[in-house]
Amino acid sequence: MIPQKPHPNWKAGQNAGMTRRSFLRGSAVFASGLAALAASLSPLRELDDFPSVEQFAQKYYKELTPAEMAKVLKRIEDEVERQYGLRPHVKDLKPADGVEFVYALNLTRCVGCRKCVHACVAENNQSRTPEIQYIRVLRLPHGSLDLEKAEHDYHPESVPEKGYFYMPVQCQQCKNPPCVKVCPVHATWQETDGITVIDYDWCIGCRYCEAACPYWARRFNFAKPSVPKDRLNLNMAYLGNRPRPRGVMEKCHFCLQRTRAGRYPACVEVCPVGARKFGNILDPNSEVAYILRTKRVFIQLKEELGTSPRFFYYFDV
Amino acid sequence: MNDKPRVPGVLFILTLVFIVLTVSFSRRKWMEPEPLKAIALVDPDLVQPTTMRTSYVQLVRMQADLSDFDCYACHEKNKPPTLRFDASNNLVIPKEHLDIVMAHGQHNRNNNCFNCHDEQNLVLLQTRDGRQVKFEDSPRLCGSCHGPTYRDWEGGAHGRTGGYWKKEAGETKRQICVDCHNPHSPKIPPRTPLPPPHPLRQADQARMFQEFRQPEGVAQTSSLPYRGFPIRRCDQAVTTGRLEVGDAAGWKPALRSLGSPLAAAAAER
Amino acid sequence: MTTAIRNYLVFLARCARIAFVGDWRYYSWMGFLSVFCLLGLNAYARQFAHGLLVTGMSDEVSWGVYIANFTFLVGVAAAAVMMVIPVYVYNNEDLHDLVIFGELLAVAAILMCLAFVTVDLGRPDRFWHLIPGLGQFNFPASMLSWDVIVLNGYLLLNVHICGYLLYSRYHGRKPAKWFYIPFVFVAIVWAVSIHTVTAFLYVGLGGRPFWNSAIVGPRFLASAFTAGPALIILALQIIRHVTNYRITDRALLTLRSIVQVSMLINVFLLANEVFKEFYSGNLHVASSRYLYLGLQGRHALVPWIWTAIGFNLLAMVLLVLPVSRSLRWLNLTCVLCIVGIWIEKGMGLVIPGFIPTPLGAMLEYRPSLNETLVCFGIWAFGLLCYTIFLRMAVPILQGRLSKANENPDGWRSAVVSAEAWVKS
């Protein structure tokens, strides 16, 4: 019942349906209901990363002017400094002309040591708890590429194990990416150098792209990512390894803070057996051009889905 | 059917319920999510892009102490060392070089030091047809037998590359054969892998560890760094794991005699 | 002009007032629902503060009960069309005065759908990124953008139709046909489209072979047209019981025949799916294997799906037999339909699509307590809305709340009049 003050012209006896008692009863329920409503929102006290007005109204990456982008980068640097006590250098690196990245991975050589996984984690400021890893190394039995036979959790005394081979999987940066197709807000798109990027400040966290990816390459921040202060990589890029907020997607971006500056990605550099190869396919002298030219057998995972990945698994013949 | 008298009762109960809810909601501990157990970090040393071993060429570049590599400190000039073979035609490694394990090819195919070393001039290497090769040019020696791999290495498909892919931006670092392969036992030794992935939920983590009986909180699975490090005798790299060689018994005492604690630890594996 | 606006505002105010007036059963029911709404709101506040970690979802199973309920409720909303078609296309008399209850259910269901999608978002504060013009709307490539359009459009359609009809009845005038009949026919097509678009959300993903099948769309519609009218049958009987609105048994039996045919089609499509998955023996059946038989020692969903299939088959048999013409058996059958299809659509469709992952990993999903409370909260909210809609609609349709008995004193006296109408 809505408690109402009696009309000034109300005379006793009129409108006998509402008595003082029923008024009090009604207002007691109403007031306690409102109190319960307010109290139910009390977990919001724990909220510490509510976006500022600036963050809320931030424009889409492709619509930011250079001046606005500079402000955004500065804001990110300030945030990181506030949180970690260290000031990073956040750049907005654009793709270069005449460059199209391709990745090749030698399945004859990979020993399954997982150094690439952890080098990537260190380079890209991925959350340690909860754990986010862009690369997943699969152990497959000899003779089969059936991913349903893959083992993710192998941890023997030593690798490689007899009877198995290892296949690391990460974002394939497909030429025809299903994740880009399904994102309702264009938060992810493919750039001219072939890297599929995510605007972390635009993503709404619907996880449709995660459902769409045939390679299980995309990760979601279920909680606020935590990176130890002493492990923070201060060389950051806006679309790359700058710290991500809670509730957005992330994935391998070919270490664009390195690759767009001309360096190899962290996974390529750390691989102890040289199984990973990376380069500009448009350069005929690059390693990847050599591989795609000379190797007779190379495969793209799940090629039949039409995603046209940029990732080629090759063998030493 | 006059239900009017029941309304006050219902409203009263409702008021009480709302008050109880208000109190419960306001308590901080009400259904607070439990904090996540911290996942053990991986030692940054394990993800350095250093090579698996430190070759002689790298030692030279680093200007390390090369006194152990001075062949003519012990050998006489112009006197080729003699090789000794046992009854089953296996090469007998002399006690001064016990840290070398000859495992270059199966079934003792490469049973002769001077298949690669030049017996007339110990500071050089030689191909099978007698051409001399400097230590810095050792890939040409390797390539003289391992053609396809050498061609792949030249093209970039074999071996490690680091640094810059864009030549204009910086230097591309290519490793040579011996930076990864021990020329006497070239097979890449097995290693302990880094920890497997942790699922998001504690319950799944517990189950994973229960099923596979891995101790929790394992930060790194080896106490030795993965790269080779220079040791005082020759270029036998000490790595983790076991070397798959025919008779491994011989090299353990040699390792222990080197006097370095890490070599001793490796000998204990 | 101002009189028209004033009249409309008075109408709205009176409707709002009447929602707070009722007998002890009404207060108990609304109180019960409010409690769950508050629990749900509290649980959501916790999720908003701590992140989706408080749910049971993970990178392996990234959609859970929220999207499962969303999928089911889109079907319920679409099922209003199963009342509209008999009345407006075939001029069925029995259902004529009852269509509005179906459409009001559709409105409540769509509100629940929108709520479920919002609570599933990682960044609900960025909802404005979805608004065309303001944000970046990936139409027509993304099926989610289609879903945003069709769901909101359907909501507006039904709000308009119901609102206009009720307001016309409030004024005691005949509604102008041109102002609602075209919308009704658009709504028929639109209802089919909302569920087809929701189905296409799943079908369009080539990387998930469990979903990437042409039968998913038809199955969605068949199960929606079974569960929706079943819900309406139950709702109509409740309305008949608590108000004295005239609802004939014949109307209920007409709806029964709709449920009957839809359930037969649903079971037939299920048989098709099972055959396709298991007969040829190809390797893409891991998800189906997990669902029906268990895989690699993981079998959490097996009892659920077999229960659902059991319920559906039993309901089908009961529907075909004349025994379900008796209301008691019909009600049991409806409950079996609703529960069976809820399990089938939620646990039988959404979750197995994620297990195993595209890379073959097996990680099961269990909704957390927090997640469950949010779901209960949203269901309670939807039922609350529907009850309020009915609380407003029934008196208007019966003529008890009309312009004629609007007191010149204004809306204040509506309180008195409302109290007087309390069923005693």
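Per-chain numbering from 1; labels A, B and C assigned in written order.
As a convention for this text, a contact is a pair of C-beta atoms (placed from the backbone, for glycine too) under 8 Å apart; a residue touches a chain by one contact, two chains touch by 3 or more.
On a predicted model such as this, the values are computed, not experimentally measured, just so you know.
Using the contact threshold fixed earlier, the set of chains in contact with both subunit A and subunit C is B.
Averaging Cα coordinates per chain and for the whole protein, the chain whose average falls nearest the overall one is A. If you compare A-B with B-C, the chain pair joined by more contacting C-beta pairs is A-B. Chain geometry summary: the mean Cα position of subunit A and that of subunit C are 33 Å apart.
With each centre defined as the average position of its C-alpha atoms, the distance from subunit A to subunit B rounds to 29 Å. Centre-to-centre spacing of subunit B and subunit C amounts to 58 Å, using the average Cα coordinate of each chain.
In subunit B, the residues that reach two or more other chains under the touch definition are 11, 14, 18, 21, 25, 36, 200. Residue positions 34, 38-39, 42, 46, 50, 53, 58-60 of subunit C each touch two or more of the other chains.
In subunit A, the residues touching two or more other chains are 33, 36, 39-40, 42, 45, 130, 136, 152, 222-223.
Every residue of subunit C that touches subunit B in the complex is listed here, in rising order: 23-25, 27-28, 31, 34-35, 38-39, 42-43, 46, 50, 53-54, 56, 58-60, 363, 369-370, 422-424. On the subunit A side of its complex with subunit C, the touching residues are 1-2, 4, 7, 15, 17-18, 33, 36-37, 39-47, 50-51, 56, 60, 130, 136, 138, 146-150, 152, 169, 178, 181-187, 202-208, 210-216, 218-224, 245-249, 302, 305-307. The touching residues of subunit B, when paired with subunit C in their complex, are 1-4, 6-7, 9-11, 13-14, 17-18, 21, 25, 31, 33, 36, 199-201, 204. Put simply, subunit A touches subunit B in their complex at residues 21-22, 25-26, 28-29, 32-33, 35-36, 38-40, 42, 45, 104, 106, 111-115, 117-119, 121-122, 128-131, 133, 136, 152-160, 222-223, 228, 231, 259, 261-264, 268-274, 277-280, 286-287, 290-291, 294-295, 314, 316.
Interface residues of subunit B facing subunit A in the complex, by the touch rule stated above, are 8, 11-12, 14-15, 18-19, 21-23, 25-26, 28, 36-39, 41-42, 44, 46-49, 51-52, 148-149, 152, 155-166, 168-170, 175, 180, 188, 190-198, 200, 208, 212, 214, 221, 226, 240-242.
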